[in-house]
Structure formats: C-alpha cells, structure tokens
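Please go over the structures that come below.
One chain, chain A, links the two complexes that follow: it is found with chain B in the first and with chain C in the second.
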Partner chain A sequence: MEHEHSVVAKTNGPVIMTKNATKEPKSIQWILISIVLLFLTLFLVVPLIAIFVKAFEKGADAYLAAIAHPDSLAAIKLTLIVVLITVPLNAVFGVVAAWTITKYDFKGKNFLITLIDLPFSVSPVIAGLIFVLLFGLHGALGTVLQSLGLKVIFSIPGIVIASIFITFPFIARELIPLMQSQGTSEEEASLTLGAGGFKTFWYVTLPNIKWGLLYGVILCNARTIGEFGAVSVVSGHIRGMTNTMPLHIEILYNEYQFSAAFAVASLMSIFAIITLIIKSFIEWKTGFKSTKAS
Partner chain B sequence: MSIIVENITKYYGSYQALTNINLEIKSGELIALLGPSGSGKTSLLRIIAGLEQAENGNILFNEENYTHKHVKDRNVGFVFQHYALFRNMSIFDNIAYGLKVRPRKIRPSKKEIEQKVTELLQLVKLEGYKDRYPSQLSGGQRQRVALARALAVEPNILLLDEPFGALDAKVRKELRRWLRRLHDEFNVTSVFVTHDQEEAMDVADRVVIMNEGKIEQVGTPEEVYDHPINPFVYDFLGSVNLFKGNVQQGKLVTGNVEMNAPDSEDGVSTGYVRAHNFIIERKASGKDSIASIIDHIHTMGAIVRIEVIRHDTNEPLEIELNKEQYMELELRKGERVFVRPKELKVFVDYMAGI
Partner chain C sequence: MAVRSTKFINRNKHEGEDVFISSPLKSIRKSWGETMTIMTEAKRKNKRTIPGFGLTMGFTLLYLTIIVLIPLSMVFLNTFSMGFQEFWVTITEPRVVASYKLSFMTALTAAFVNAVFGVLIAWVLTRYEFPGKRIIDGLVDLPFALPTAVAGITLTTLYSPNGWIGQFFSFKIAFTPAGIIIALIFIGLPFVVRMVQPVLENIEKGMEEASASLGANRMQTFIKIIFPELIPAILTGFALSFARALGEYGSVVFIAGNMPFKTEISPLIIMTKLEQYDYEGATAVAAVMLVITFLILFTINVLQWWTGKRYSGK
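And now, the complex of A and B:
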C-alpha cells in the first residue's frame, strides 16, 4: 500500500502543474466572465424580454385577441401539422440513415455522409427555390403533378417537403457518431441468441440510442417550427391557408400590427424555452454531449 | 454436435482471408483455433457462427448443411472478446434475453426462465449480481455473464472469440481452467480462438494452427508441440533456436559444428532446437558441441533463461534450464561453455536458392 501511495502522489504532481499552467489570474477570469454575461444579456436576454414587453403593450386582452385571431390560429395549426408530419418522418429517415452508415460497409459511404450534410450547407432560400423549380407550374415535375390534380407548391405538401429537406440532417447527424461508438457487437450477440432483425432493433439498438434520438428529435422539432427561408419561398403566403407561424409574424409585422406580431412571436419563444428545458434535462440525464458536425 | 468445415474461402475485397479451409470437429470436442493476428482464425469462427458468409464452401452441423442458415437459426452460443453484453439490461435480463425473444410457441414461461437464469447465475458464481448492470461488473465477471447468456439458449455449439483476450493474466488463467471444467460438464462442442499458444495448449483437446488464411497443422497439444510438421508451427509454439546450414550425408553442418540429422535430405536446411532441449557443459563432448559465451542470465521463477553467443557465428542462442540444473552448473555471466542440442528437427529450405 505504501508503494501505491507514492505512485499516486507522483502522478498527481504534474497534473496539478498543468492545471496551474492554464489557470489565469482571478482578475482576468472575472473580466472574461463579465464580457460573456454582458454579451448574452445584450443579444439574448434583452431581445427575449422585449418580445414579451411588446406583446403585452396593449394589455392582456389584446394579446389574447391577437392569438385567438382566426389567421393566427390557422398559422399555429399549420405549424403543428407540419411538425407532426416532418419530425416523425425525419426520425425514421434519420435512424435508417444512421443504421445504414454505421452497421454496414459499402462503397460511397463518405459520399452519403456528405449528402446528408447538404441541407446544412445550402441556403434555405435556395432549398425553397429548388422545390419551386421542381414542383412549380413550369417545373420539371409540375406539369405531371398538375395533370394529376395535385398541388405541391403554394400548399401544405410543399411546406412539408421543404421542412423535411431543411431538418433532415439533425437526427441522422446526432445518431451517426453515437452508433459508430457503440459498434455492432451487441446486435451480433442478439442475433446469435436467436432474435430476428426487428427484435434486435427494438430490444437492443433502440434503447441504446433513445436519448440521442430524443435529442435529435428536439433539435429537429425546434428547427421545423422556426424555419422561415425555405418555407417562405414555397408557401405563397396565403393567409389562413399556407402561413406557418414565422410567416404569419412577418405579415403582421409588415402590416404594422406590432403587438399582434410580438404576441405570436412570444408564443414561439415559449416553445423555444420549453425545448431548451427538455434539452437540458436530456443532457443532465445522460451526460450526453451533442457531437454534431461543427 | 459435430461440425464440418468444407472448402471455405473468404475474401475481404481483394484480400483473401481464408483459402480452402477443411476441418472436422467431433461432437463434444474443445478445439482451439490458434494463430497470429491476421491468420483468419476469427473469420473462420464467425463463418461457423453465421455472422459472416464465405464466398465458397460449406458448413455442416451434424452432417446437415447449415451454410445458408441465418445466424439466428443456427442455435450457436457466441462469446465476444469484448463481452458485448446488452448495456441497457440488467445481468438477469442479459442472461434471460435468448429465452425471452423466442417465438411465443417455444418460449418458456416466466417462472421457467427465472429458474434457468438463477441456475446459470449459480454456475458462473454471480448469484448476488442479477440486478446490476454490465458497467458495474469487472472484466472477468462480464465475461462470465456473457458465457451464461450464451449457455442459456442451450446452444448446439459454443464459439468463443478470444474470450480471455481483454483480461489480465491471473483472471485469464482462472477463467480458462473454469471454461475447461464447464465444457466437461456440459459436453457441448466448443471452438475458441486465441493467439496465446499457452492458452490453447492448456485447455484444448485439439489445436488448429492457422497462418495467412490456411491451416498449418491440426493435432492434440502434444502432437503439435512435439511433432510440428513445418517451420512455422515449430516457431509459433514456444521459443526455438534456428541453425541455418547444409545437410550432407545425414549431418547438418552449421558454422564449425556438425549435428546428426540422419533422416534429412541433402541440401540447404535449417535445424530447429527448442530452448529447453539443450545441455550445457564445460568441455566439448563431440562435433555437435557449440562453443559459446554466456551473455545474459534471467531467473524467471522455476525456469532460468540463459542467452549465449555462438563463438563461430556470433549468433545468439536462447536456452532454458530448470533451477536445479542451473544451481548444479554454477554458471556465471561471461563464462565460456559448450552447448549441445538434445533434440534437433531439420526442415529443408525450399525457398533457398530461388
């Protein structure tokens, strides 16, 4: 035991030294912390408070009236519909993509990973334009769709497609590094024990990735609710029909209905804050850090 | 259940991992696949399990063709090097898994499963651990759980991929003895992969020595150790000294020394002598006495390893004596001695002169 103690003491020495080496004097610490706090207050906290102040400027009645307005309710409903279609679909796509990439070896795997990242690198407005060019009246597939009586652009399907495109990488990107680090041996063990593919996924893979999946779902959800650029291009801004919440806010704002605009904006902010709380809870629960591509 | 491996060939891309492997394993045998890394031993094991498919050849269990059977239908127990326990399940659920996922018709009742798992927990001496999770167990305990999990489904055959490779030396020795006893008790045909020749010799009924995707030799531990059929096997099993030379009329000439090699063909050859097959003397006793100088003496428990340098060629030789022989001789570093091989095996160098 004596011997072990001396070894521990020896290895402790240099560790403390390196810690000291990266430690700044107290004064610099405080200055840096103050700068960060000031920055966060100025650019995040003040605007957030401003949203609520502006929203309640004309009183609670006006606030409720703005939210209860049929156009606002239609925008909220549409946003929820888009979320309810987009997020589950992307959850399935994300799991399938991550599974394909991490559990199999094939040629062109790196290309596939790059492809998944594409929505991150393409401007949302361009993404929206792509779909207009593809599905619009004069687009490549537009005439075919029209002859079938289907309308994609300037209607809900277009908004959903654009949202799926924009938010596709979130879940896949969250799961790929996680599943890579876990390897395939647990799945193999499950197969040798007589479980089929579905049971293996359900009992072994899914429990192992559930927190990562939930984290990805939350990020995807937040982005779907807030997406403006791509949706703006494909929606056509038809009041009460094809306006999601961000688009509705923009219209209200352009019509100088500031209180109403901020009322709807405050609702979105509440969504965002709830999302943040759930996200922090997941991080706390799992000690799990986002390993999304930087 | 017997296993027959027939003409198995496996490629990874353009790399040929296994070439025409043929092997018969009798029911109830414990077989070691032994070889250096990259020899294809793990690939062969995974092909037997059905975790990988061979390009060519057949796998037969009890003379029934299993080549195209899915891994889940082969009823094999597979133990992984890094345990591969289900991290999200308790020890109890890990062991019960194979029974719980059975189709309803052949699934045992809850009570039967509980009884079976309790029995297995007793067998692997982890009764008090059923509610713990894999991350709370030591390496040796995890591997025992992995074994219990594999045995729970009463497999036709048990396959183990470097089962003790990730454990420290002492636990490793205990576990392999325990595996042997377990095998004798259950009498299930078992195949395990290892790169540790001591482990293979210690546990297996028969050893399959593999190198570069081929089988070099198959035999009992005594057979492969005492009668290696080629230089690779000789070299791979235990430390060996090489004497490069020429065979002329039944004698291997190497440096200034002549050794008796009555059954060898004439030509460029290499003599192989195991480290423990030497006699050390103070005087030359024949033409096969090699004049040498003692360079190093290492005492390793009951065995003393002595490194000498040949006087004629300056090549080092490694010799092992037991402690008593060493004490009797009173050897000292730097001393001049004569070294005589007790047993010599000569292989003709087919590659020489090419």
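And now, the complex of A and C:
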C-alpha cells in the first residue's frame, strides 16, 4: 500500500493534490456529517433520553417503588435465571460449532453455517409457536410430557428453550470468522509437541479466541434479556411466575402505568448501554469488529 | 494474548489486499501465493490430524437438530396434516392477506430507508473525522442491545399525537403504518452500516486516486468506482434488515395500534390465532412466513457467494 502511494505522488505531482482528489470539499463533508448526526439523534439519542425522562417523571420515589415492586423483582429474577441457563449453553455450542467448522474440512460446511444462522431470520413469534407445537398440550410431545407430569409451555423451561433458539447463532457467528482467520497451525504445533486434543484447545485455542468469545457472550446476553416475541408466546404471562422483564414492561404499559413501565425499561436500557460499552472496549482492545450484523 | 489475536486479523487483512497490488510486486506476491497454496494443500491433507472431529461434529449436529431443526419442522409437519383446501382458505383470508401486504410494504420501506442512511452513516464513520465519532460508532448498535419492547413503548410515546416528536406533525404517526415503518427503521438500522463499514475500510485508496488522476470528479469516482464495490454488502445488509423487519413483533405491537386490515402485521395474526387456540391457522400463516424467510436467506447466500467470487476472482 505504502509503495503505491509514493508512486502515484511522484508521477502526478505534489502529494497534496493526490490527497484532495480522494476527499470531498469541507462543506460537503459537514453537510453529510450533519445529516447523519440529525438522523441518529432522531432515531437513537432522543428515544434513549426519553426512556429516562419518562422513568423519572413521577420522581425518584415512584421510580424506586416501581422497581422494588414484588412483581418487578420476580421478573428481574426470572430474567436472570433464563440468562444463566441460556448463555452458557449457547457459549458451549458456539465454541464447539466454530471449532468443528474452522478446524476440519468436510463437505456441506456452508450449508451447516446456513443452518446455524437460521434462527436469526425466523420471526420471534414463530420461534415461540414451534415450541408450542412441540411441547404444548395438543403438541407432538404434549401427551408424553403430561403423563410425566412435566410442564414446559406456560412455564420456565419453555421460556428458556425459546430463548436458546433465538440466541442460538450469536456466539458461533462471532467465533467462526475469527477462528478462520487464525487457521490451524498453532493447534498443529501443539499436537506435534505432544499435547492432547483437549489440552490443545484449553491452552492454545481458548486464549486465542477469548475476546471473540466474550464479544459473542455479551451480544447473546443482551438479546436473551430483551427477547419479547418468542417468550411472549410460550410464557402465558403469569404474573410473578412466568413474566420476564420485557413482558412485565408490556403489562405495566397496557395498564397505563407508564412511569413504572419506563422505570423497568430504564433498568434494561442501562444493561443495553453497558453492553455497548463492553463491546466498544473489546473492539478497541483487539481491533476485532463484528462483520456479521446480528 | 489480545495482541496476538489482533496480529492474526491484520495479517489476514493484508493478504486480502494483495489483489490490488501493482504489477511488479504482484508477480512476486503471486509466486508467494502459489507457495502458500501448495502449503495449504499439504496442510489440508493433514487437517484431520486435529483430534475430536467425530465428537465435536456429533455435538454440533445433535444440538442443532434438537434446538432448531426438529422444532422448525413442526410447522411444516402440522401444515401437511392440514389438507391443502383448509390451508389455502386460511392463508388467503382477506384479513391475513391484508397483513402480508402491510408487513411486506412496511418492511420493504424500512429496509430501503436503512440502506440509504446505512451507506451514508458508514461513509461518514469511515471517511470523516468529527468530535464524538467513537461514541456515535458505538451507539449505532443500540437497536441490537436495547430490548424491542423498550424500543416499542418509547417510540410509541415519542410519536403519539401529543408526544415529543408526534406533536410537530399534522397527521398521525403512531397507530398508523407510518409508525410501524418508524419502529422497523429503528430495529434494522445497524445492519447495512455494519455490512458496508468493513468494505469501505478495505477499499484500496489507489483505485480512487487512479480514478481522480484520469479526470473523474468525486461524484463520478463514487458512482463508478466505490459504489460497485459496495453493492454486495448493501444488498446483504438490505436483505438482513428486511428479513428482521418482516418478523419483528416486540417493537411493532405497541406503535401499530393493531387494527385488522389497517395496522395488523403478520406476526400479530399468528399471535392472535394462538390466543384463540386456532393452532392450525397460526401454523399455516407461519408456514407462509417461513417460506418467505427461506427465500430471503437463499438470496443472502447467493449474494455472499457472489461477493466471494468477485473478490477472489480479480
């Protein structure tokens, strides 16, 4: 790259001219920057501010009361339980799937990647529906589950499995391009030196992918916390029992308890902002940037 | 350790840029490339030396089958057991057809707006310097991190007739298709930006310089040189944003108003049918939506194959 710049500069006159030829005039730059800032302010900044303004509309006491309400606390607790089961399971899957796809050669690799990506494009409502069809009372496994006395739909296991479906590709998707760019030479060296497969993974591969893994985990985490459509179908909206935070917000909002709804919403927005900060930090630290919008 | 992973990414990036290197260097690079190919060939033969293929492949397929494939196949199994007549009547009900039209039009409009602004945002973020750029860059991902229900209630409050933004408009935005489009623009905003950004970062400056030295102005250079390079990324981002918008539920239910024939989207039809215990009807509508989704996914895959061919074929 450096070579080419100097060649162009030499044959075409002063360097300054070459620089100007690939840049727009300052006035146009500022017009374009202004349009972008206006658009993003309208669509991202104003809504973010509005959440907190509406949350504190009735004062800090009402805000704290809304969050400390037993139903809110139960929703927060349930959301945490769902996250603690969903994210580790999908992290294990993500690492194993990315390892399989990047460390070996086999036919149909691209098809496998497409299948892993599938849940990204399926409507959340359909994601909920398929588990009702599978585990619901009239579903394929409904009678079996009932005879065993197990309840999946309208209960926590249903919420967990729908969340697993929705966030299924997140971690694998971040790891595959990263591990592809790293190749297999380090693992091969480790194996040649006598380490076993698992030892190689633990001491060679895992340290190499830890930032990518963390990146995937926080994205998966954010989506699990916020998933609404799929969870809404399978939960049955039982207050204090099967209400996650987003469902709790919906109920409060539909009952015209706007300040309380926005109070819980503001809590989730803080999670979202923390997610973005950690994400930017990882990007800054590693130069790693998601190429696949998720 | 972090430094190490960066190093690998950078190395990979430079190898990608080889394609554009000038001719004397190119031949050197080419023979280097051939050596590398021979080495990878040799490596490929030994690739299975890494143990655990059966175990990891087995786990991947098992997990994929249990979580994704079996549940998704339920939609089609249940549809097949329905009988074609019944299926056809359900999916061509006027109220259902109205919802397809609405979902399709609003998703298309939102994806189009996101494609135009996505390219502009990606351009400004990669080419220009201005205060607060890093914060703006991070903020672009907000729609991925913010729960859709939160986005839904916030946008509804802002765009309702007496809301912060809605009060400035003489016509209604919330509870009309315009409101649905606003919510879908929010949801799909990052897709095109994040697809186009890395391509813009990697475009060889030399091509733009060559174009300029041959007398093209900036607009001509953009249209003839830069834009063609961006097309696959824009189309992929557009398709992802469109697919996401078609299925979106959380943010839309609040702002749509959900009036049959007017502001009722297809995912909501499924939801309503489920609440009325009409599982067959819900499944039939879901099957139609899934087929459309698969078509979009297929298009994305063709686009990516095309992109891959374009860049390696030069």
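The definition used in the following text is that the second predicted complex is superposed on the first by the 270 of 294 C-alpha atoms of A that agree within 3 Å, B and C clash if a C-alpha of one lies under 4 Å from a C-alpha of the other, contacts with A are read in each partner's own complex, and residues count from 1 in each chain.
Quick note on the criterion: a residue touches a chain if its C-beta (ideal position, glycine included) is under 8 Å from a C-beta of that chain, and two chains touch if they have at least 3 such contacts.
A quick note: this is a predicted structure, and the numbers were derived from the prediction, not measured.
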### Query
Can A:Val204 be said to touch chain B (first), chain C (second), both, or neither?
first
### Query
What is the contact status of A:Ala195 with respect to chain B (first) and chain C (second): first, second, both, or neither?
first
## Note on the structure
Across chain A, the partner (chain B or chain C) reaching more residues is C
### Query
So, A:Ala140: does it touch chain B (first), chain C (second), both, or neither?
second
### Query
Which of the two partners, first being chain B and second being chain C, lies in contact with A:Phe43: first, second, both, or neither?
second
### Query
Who does A:Ile164 touch here: chain B (first), chain C (second), both, or neither?
second
### Task
Touching chain B in one complex and chain C in the other: list those residues of chain A.
185, 188, 191, 196, 207-208
### Query
Across the complex, what residues on chain A touch chain B?
185-186, 188-196, 199, 203-204, 207-208
### Task
Over in the complex, which chain A residues touch chain C? Could you list them?
1, 3-5, 7-8, 12, 18, 21-24, 29, 32-33, 35-37, 39-40, 42-48, 50-51, 54, 93, 96-97, 99-100, 103-106, 110, 112, 114-126, 129-134, 136, 138-140, 161, 164-165, 168, 178, 181-185, 187-188, 191, 196-198, 200, 207-212, 219, 222-223, 225-229, 232-233, 245-247, 249-250, 253, 258, 261-262, 265, 268-269, 271-273, 275-277, 279-280, 285-294
### Touching residues (chain side chain C, partner chain A) in the complex
1-2, 4-6, 8-10, 12, 17, 21-22, 25, 43-44, 46-53, 56-57, 59-60, 63-64, 67-72, 74-75, 77-78, 117, 120-121, 123-125, 127-128, 130, 134, 136-151, 153-155, 157-158, 164-165, 185-186, 189-191, 194-195, 197-198, 204-206, 208-210, 212-213, 218, 221, 237, 240, 243-244, 246-250, 254, 266-268, 270-271, 274, 279, 282-283, 286, 289-290, 293, 296-297, 301
### Message
Quick check: in the complex, which residue numbers of chain B touch chain A?
### Response
49-51, 70-78, 80, 82, 84-89, 97-98, 101-102, 146, 149-150, 152-153
